[in-house]
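In the two complexes below, chain A is the common chain; its partner is chain B in one and chain C in the other.
Here is the complex of A and B:
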């Protein structure tokens, strides 16, 4: 690294003038002050001028421009020759440490806070998104060779937000009351927690079971699996029949689970591993749908029981004025259809 | 530049420095992207002495002009160029205040309603902005926030109308009126913000950007529609 090299060189300030390697960069028999700055500027290109350090050279060029500017200002103000050597040395060391630290911090910041890291995962066309949404409900038949999973994050992210919106709608129409929190916070926490948490857990299991899948692919797979959840909840939050919900749960939830399971099976070797992975995923996926449907009814039923006693018929919903019209219409329609079928 | 001086001085005093090459095109750090910024030293100079009324009126006029732009969404770039967040803040706070107290039980969540609305609007706007940037948009972060915030205005108007309608009664007729009003305002908001934001996207990806905006205004419209006062 340039810093220890420069610090080591600066400590032997006077004898450093005799080093042949730095001859062309010396400023004459001056003070170690100037030497250190100089070493910082050019030692990068002398020591590390190797093939694979090309990147660092480019960075050092930028830094030496900064360092030169700093050195120019400082040596005008503080050039005291040999007299204030120690004080200046200390100051220069501190200054250099600060600059190195600042450089590293800004490098780390531009590396990690760079939004462009995520850009490749959002590189999709609307046609592709639509195709993938429809495919997420169709189980694949070929499990003998690994199925392709698109590592894309736009579709899953939008599906999670849609699920949040649908959940909010469901909570409002079922008059869920959340103490110690907000409706929106609960909805967002539930959906994002499921997506990120279960993805991480499944990725960990996949790592244990030697499955060929990356984290982004896992996120994408699970995210697209939420499409079935969205459809089911959208329908059943508006038409309140438990039997309808169970049908949707089995059919729609089952289809999307089958698809995810088939893709995972195609990427895993060994019966035990396949069983573990797919069993876990299927269980979590289906149970989540069950939870989303029932979690917000329970609150209403509990409150109704305490308020009015056991006279209330079990699956009644205390609706606000909005769903009165729409619910009545939809329920009678569904009943009429069920009767005719 | 100090660097140039350093190398110039190095040429005469320190012969060893003559061949140290320093790139002259040092990347400048900091934002000079907004052209308005280049005027600001002069403006600050002259606006310090003006009466407070002038300053406030100038800002109010800018905000008002943007409101007009939202009401009649033409593809002008004034909204984008001189972005400010005063309008969105005022709209957000007024919407959150009006939505407060619409809970089923009066003994809890009078408070969280305000925080909910606030967080939904700002968090949603940030997510939409990030999404449009990741999809390759050319608009800057705060410009996008500005547009999305200002386009909440039709929904605030809808909230006002809903509150007035609810004062008259809470039956089926009032529900239908509110539904129509909120639906119309929701469509207006979405169209207005799409008119500004979708232009900055590559043409085949407009649908990808419009959908989150649609969802965002849909959630706000839903909160307005399901509001019942105590």
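Here is the complex of A and C:
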């Protein structure tokens, strides 16, 4: 830390007395230890001002390069006085911190926010997407041979967004009111939470059960499995029959679940492991469809039940029952009034 | 302020100005002269000879709209391109980032929604911003050449114009029945076809127009939900 001090001292040679004063403040004069307590904290060592400080220092360096260094520095030193020289050291320290911080931040950003690592998963043609959508409803028969899973993220991502849109449409048509949050936030949270959360959980289980599947493949498989959910919800949110929903749930939901289960079975060895994996996936997938239907469509069903319920008879006037005692009181009163008249 | 965003033949044909002239000489000589050059690139006008160091007087200042880069003629031309999804688009439309037209259309959408009794300006701006970010990420992943935020925002904003027609219709009659749904679906298709046409022609992704049209349709579907309900 004494080196920048020495360099600073070498640059401005004129105010020697002030430089000597600075040295006097150091304990055990001549040692490399700088007593930070004596540093003037107000002279530009704050981190927030580092950008301006850096700019100013760049300008100072440019001035030196043009040969006006001597006069400029002297004016600078005389203008700032004692504070300027003490602050210079602090400025350089803070400047180094700024540089290091900036370098680390840009390195971290280029490493984690580099979207290009996802580029190969979006390289698809429309025919491929259509073929995979249709295949996701057809269970494979050959489970002794590991089935190929396309490691693609475009189709699953679009299917999740489609499910969000269908949910939103369903919530709007049924006038669902979400008290803690927004409709959009709920829909996105539900769908993305299911896709990412269940994929991660199944990947973890697959790791435990020694299944041969990667995370991207799991995401892709589950994403394409949502195609059945999209179809079922799209139809049953618009045509409101309970029995129709159960048929769609079993047939369409069941087909897409069977497909996913078959692919997983083909990639797992051992009966117990196969049972664990496939049982979990089937349960989660089918229950999610049930949940989506019942959680976001209750209001419409309630209204329909009211409309289709038994006919309520119109309001009828019913005579009030007057007890026998009051009849006697009425008669006595009438007689009393008649007597007085 | 220089108007030259890209080197164009007119500038290179004439002398280079000394000191980077601010005011194009033809604007000084004939203020009524309209913008020249193609609609998709701002006109590069030659600067005055070296006797003009910099602009000083009020009379020599360029008009405000020219300084702001707002050119109504260009905006009108681009609007006509967007309104006809069947006409093949010019790929060079992505070279210029013009956010004035999109801002006008977003304001128009908010105003027509206001006339229908819904104050949803915040939702329109928020959904536009998030939609632009998402489309920018997706287009960068799917195309071999990159695309900037401004271009994506510009294209998506221009293609929002049919949605303004839908929300004007919502002022006159309720869209919550079958005819309203059919009209909304038609408008969504129109918007997304225009947007995907411009994106595919600019980013050279010919076979993938449907793949780009679908996310655009989802985004415009959100606007339609806002309009209908």
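Definition applied: the second predicted complex is superposed on the first by the 191 of 341 C-alpha atoms of A that agree within 3 Å, B and C clash if a C-alpha of one lies under 4 Å from a C-alpha of the other, contacts with A are read in each partner's own complex, and residues count from 1 in each chain.
Methods note: a residue touches a chain if its C-beta (ideal position, glycine included) is under 8 Å from a C-beta of that chain, and two chains touch if they have at least 3 such contacts.
Small disclaimer: the values here were computed from a predicted structure and weren't measured.
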Partner chain(s) touched by A:185 [first = chain B, second = chain C, both, neither]: first
Touched partner set for A:271, first chain B, second chain C, both or neither: neither
Greater chain A contact set [chain C / chain B]: B
Which superposed partner A:86 touches (first chain B, second chain C, both, neither): neither
Which superposed partner A:141 touches (first chain B, second chain C, both, neither): neither
Intersection of the chain A residues that touch chain B with those that touch chain C: 115, 118-119, 122, 124-126, 129, 154, 158, 161-162, 165, 168-169, 172
Contact set on chain A toward chain C in their complex: 115-116, 118-119, 122-126, 129, 154, 158, 161-162, 165, 168-169, 172
Chain C - residues contacting chain A, complex: 137-138, 140-142, 207-208, 210-211, 214-215, 218, 221-222, 225, 228-229
Chain A - residues contacting chain B, complex: 23-28, 41-42, 61-62, 64-66, 68-69, 71-73, 115, 118-119, 121-122, 124-126, 129, 154, 157-158, 161-162, 165, 168-169, 172-173, 175, 177-179, 181-185, 320-322, 324-325
Residue ranges of chain B touching chain A (in the complex, touch as defined): 1-3, 5-7, 9-10, 13-14, 16-17, 19-20, 22-23, 26-27, 103-105, 108-109, 112-113, 115-116, 119-120, 127, 130-131, 133-136, 170-172, 175, 204-205, 207-208, 211-212, 215, 218-219, 222, 225-226, 228
